[in-house]
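One structure is given below, encoded as structure tokens.
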Amino acid sequence: MHHNTLRSRVYRILRPYRQYTQGEYISRLFDIMLITLIITNALAMLLMTVEPIHRQYRTQLHQFEVFSVIIFTIEYFARVWTCVEVAPKSSRERTWPNWKRRLRYMVTPIAIVDLLAILPFYLSMFVAVDLRILRLLRLTRLIKLGRYSTSMQTLTQVIRAEARTLLAALSVLMITMIFAATGIYYLEKDVQPQEFSSIPAAMWWAMITLTTVGYGDVVPVTLMGRIFGGLITLLGIGLYALPAGILSSSFTARVHLRQERFREAASSAIADGDLSERDFEHLEKIRGLLDMDQEEAKLIIRLLQHRHSQGETGDTDT
Amino acid sequence: MHHNTLRSRVYRILRPYRQYTQGEYISRLFDIMLITLIITNALAMLLMTVEPIHRQYRTQLHQFEVFSVIIFTIEYFARVWTCVEVAPKSSRERTWPNWKRRLRYMVTPIAIVDLLAILPFYLSMFVAVDLRILRLLRLTRLIKLGRYSTSMQTLTQVIRAEARTLLAALSVLMITMIFAATGIYYLEKDVQPQEFSSIPAAMWWAMITLTTVGYGDVVPVTLMGRIFGGLITLLGIGLYALPAGILSSSFTARVHLRQERFREAASSAIADGDLSERDFEHLEKIRGLLDMDQEEAKLIIRLLQHRHSQGETGDTDT
Amino acid sequence: MHHNTLRSRVYRILRPYRQYTQGEYISRLFDIMLITLIITNALAMLLMTVEPIHRQYRTQLHQFEVFSVIIFTIEYFARVWTCVEVAPKSSRERTWPNWKRRLRYMVTPIAIVDLLAILPFYLSMFVAVDLRILRLLRLTRLIKLGRYSTSMQTLTQVIRAEARTLLAALSVLMITMIFAATGIYYLEKDVQPQEFSSIPAAMWWAMITLTTVGYGDVVPVTLMGRIFGGLITLLGIGLYALPAGILSSSFTARVHLRQERFREAASSAIADGDLSERDFEHLEKIRGLLDMDQEEAKLIIRLLQHRHSQGETGDTDT
Amino acid sequence: MHHNTLRSRVYRILRPYRQYTQGEYISRLFDIMLITLIITNALAMLLMTVEPIHRQYRTQLHQFEVFSVIIFTIEYFARVWTCVEVAPKSSRERTWPNWKRRLRYMVTPIAIVDLLAILPFYLSMFVAVDLRILRLLRLTRLIKLGRYSTSMQTLTQVIRAEARTLLAALSVLMITMIFAATGIYYLEKDVQPQEFSSIPAAMWWAMITLTTVGYGDVVPVTLMGRIFGGLITLLGIGLYALPAGILSSSFTARVHLRQERFREAASSAIADGDLSERDFEHLEKIRGLLDMDQEEAKLIIRLLQHRHSQGETGDTDT
């Protein structure tokens, strides 16, 4: 399917440039152009709200917006058009017609983000949409940047892998917050009826306290309220430690598997005697794909070489 | 003991639905119903304190409360009745009469939470209980939700496993707080006699500072007080890092053991040649039970297959 | 040296009771008594500063203080007297005379804390010491509690093992703070000459911001000051992550070694066929000594048994 | 190249003293002198801004500054002169002439910091530089301290190894901040037009909230604004957990590799029978180089000895 047709060429340009895949110069250029456009577009959106800038550059900013939407629209349709160039993931998918694969692509999160980045503009022409929601939607354009960073994709994977545990931590936080709000409401409502008028109102205090933001705009003043508040801040520490611990274990597991994969590759390279120049290149490529630290890779190779040189004298303890 | 009696059927409905145990559709329905009831009940409790809502929907909210308590009461007695359907955990327990096993169940934390969710309602009929404590107790209903989330049970297990170390960290925090309160009291009491009237009063500042909430309602103003306060905020960072580090190591240990268990299973599946369709299903089930990430599982299988294909050529380094 | 002399009996009573060493009932009782005394003493110290309590119970609180100091003094001398009962740590130490071993004990941190808990009281009789420093020193009594918690000793070990890296993180924080204070001083001094009168004065803001306490008593108001302040808060996040990461890796390393030690023990127990009742007791004792989670231990044993039952069929991958 | 010429002797003095390399006493003395000079210099810079000190000690502080710059200048040129004493890192570098190696050294980060520590002083003589930028640049002298701490170099390595992932986390923070600022701007601008005059102005609130500093100088007051603000504080928790988790995994990976390297060394030492006195010294030296905890090393040795004593009875599971 990767013939040198127009479609496949457009696809290769649109595809984010990666160091370790065969990338063309023009693909890299296109990436940089699009990234620049997204960022300047977001900046324009922010500056538009500054009164003096808005007054003076109103027309220019609007023209830039129209220009951006046109580019993004072309990009969107080009992506939908070329998405069939991607190798099918399953044998079942291989038999699908193109329109079905295109529909399938259009409901992926990344394609929806691309659509949300342009749709509000066209909608506002026909329907009377609330301008504020429109503006917020336009910011989804920034999410388009995620396509170009492998590290950000790593973050997304880690968070998705731990999504259920993180959600449980969030539930604990929510339940703690309701407890905190209910407690402080009954303890403080008589002295500060304005700030703690109801439990939902007391939730503002509970949230700001449990997340240790602590604005200080609403603060318990009674003795019992302060004792209760002190205990709540303590819980806040624990609620911070939970996600940190969860994500930390997930990152550690990834690093562990990454090291193991590299070790596997290095181990088979070393097995047949010495490391040739070609072996090194091969390992360097794998290191790049695994997004691994150079020093770490060196260390693993050195350890394996040392072990290999000692011979497999039964000393197989790890 | 798992005959198709009424008791065993009720038990299977009450038991939280899990994907990897044989679950009936009605069990899932019952779970959703109960979860909805618990959440709407909590919401009703919160909204009851909003003046306009309280004035208008007073009767309805009270009726809903009565209805909820009736359901929870039936649920409680059904759980006590059917708890003998659970397979006994020890050979000694197998010889116990039913009433003894039921008593044993009634003192488990989860059964006590179930009881606390209904008891206050009945108590308030006969005794004059403080309404505020009653309301707080009613919130324990939210804890009933924990039954339905495996991730929340993981959290509980991790926290319980590290309970002693976390308690030690808490003790360090308490002792640091007392030091901080004593220090700031002697340094600031002359300039701000109102805010730092005694060491127990100064504890409010110490707590809010050590947990980095920092409301700003009580703040040191003298030079020495600010130097001392600055040092205390430094300690606050360390006191945050401790629980994060403790929980992180516990989560990591769990992930490590989980990977090992899966590796064990996959390794014996691979040992007898190739992975059959049935092997895959088996591993998928284990993956589900271990609450493991799909990508992680794939990687482990691939590594083992690679190792197996190379033959056990003495290259047993990990 | 462990004859049943008076000295050895006193030593065994003073020694903190541990579940896995042969402990006498009276030793446990003595521990509880002393812990209670330390805590009530600290409470008395705190309450003494509350005006109404001080006025009414002045004499009683003073008498309690005198009583406590007497007990702590007896305890201190008893500990110095019996310290020679501890088995010498090195062959060189074995040849030392008792007075030299006692002197050695007296300069250990724990003995110095014991001394600091009583010394201020006696000093204040002869010399005119600043009462405030005296009171703070009296709080060192709380540190005496550390003797009775194995978990707190674990914390101390972890922190001490990572002391150098933590100090480096602290140095980074201090240098960042100086940068922040210098920057904000030049940016804000013209607009807020009161709050940012000099760089040392600006350090108060820098500290409160970098540690994310954020009282809000001193806040940048100029545009440049806010941009600079925003960047500084960003650094604050990183400075929080450093100690959390450092401690986390240290805890993880401990857990890893602990699992390995248990595995070693369990592996040799399993090697000679099945696990006998005595093997279980032995492993349970080791589990206790390693302060290990029951579930974790069970899992390791099950994994080893599974592996053993499969025979060592060359399947030695970990 | 390491002849006993003047240049090689100066090089050995300038080189930071390390316990495990052959160091001369004079090298250590020089280190301490320079560290003292850097710190007192920074202190002088800070105190200069305190009005009374500035008025009284103006001349002395200026003279100290001139003296410091002279020393730092001599140090800089001595370092550039002697940098060719370092063993070349690659075979290509060995053929370079000295001036090329010196130029190469001069563009390393550490040499640039050394230059920045003196350049502003000389520049201010000829050009009219903004005094504020000058003063900030002078603070780079503090970074010179990094040369003398191995732990700080460990921190730098860990942060550099995770730089890309940390940058991704930072990008997520920035995008979240822009969303938060845009949201709160539209929700609060009508009620608080002063505080939320534009999206860039609202960024101050977003930053202070997301980093959980929470000064409380700008706070949402509308119902919708508070609900939105509460959600944003929640995201703040996650954004804290990300860098903590990333750094934690990196530290853990380092500890893991460190343990493995030590195990390798200890394993080959144990392989030939017992541990001789010389083996112990060798391992102790390696332990020092790896910056490893004494207790950790002991444990690993004990485990390996235990395993070795059991013989390699096929029990090679880890």
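We just call them A, B, C and D in the order they show up, numbering each chain from 1.
We take it that a residue touches a chain if its C-beta (ideal position, glycine included) is under 8 Å from a C-beta of that chain, and two chains touch if they have at least 3 such contacts.
Chain identities (UniProt): A, B, C, D = Ion transporter.
Here the structure is a predicted model, which means the values were calculated and not measured.
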| item | value |
| --- | --- |
| B-D or B-C, whichever has more C-beta pairs in contact | B-C |
| Same-residue or different-residue interface between chain A (Ion transporter) and chain B (Ion transporter), half as cut-off | different |
| Where chain B (Ion transporter) and chain C (Ion transporter) are represented by their mean Cα positions, the distance between them in whole Å | 27 |
| For chain B (Ion transporter) paired with chain D (Ion transporter), centre-to-centre distance based on mean C-alpha positions, whole Å | 39 |
| Residue numbers of chain C (Ion transporter) (touch at least two other chains) | 212-216, 240, 244-246, 248, 250, 252, 256, 307, 316, 318 |
| Residue ranges of chain A (Ion transporter) touching chain B (Ion transporter) (in the complex, touch as defined) | 157, 161, 164-165, 167-169, 171-172, 175, 178-179, 181-183, 185-186, 197-201, 209, 212-216, 219, 226, 230, 233-234, 236-238, 240-242, 244-246, 248-250, 252-253, 256-257, 260-261, 263-264, 267-268, 271, 304, 307, 312, 316, 318 |
| Chain A (Ion transporter) residues within the chain C (Ion transporter) interface of the complex | 212-216, 244-245, 248, 252, 316, 318 |
| Interface residues, chain B (Ion transporter) side, partner chain A (Ion transporter) - complex | 42, 45-47, 49-51, 132, 135-136, 139, 142-143, 145, 149-152, 154-155, 158, 166, 170, 173, 203-204, 207-208, 211-217, 239-240, 243-244, 246-248, 250-252, 254-256, 259, 291, 293, 295-296, 299-300, 303, 306-307, 310, 313-318 |
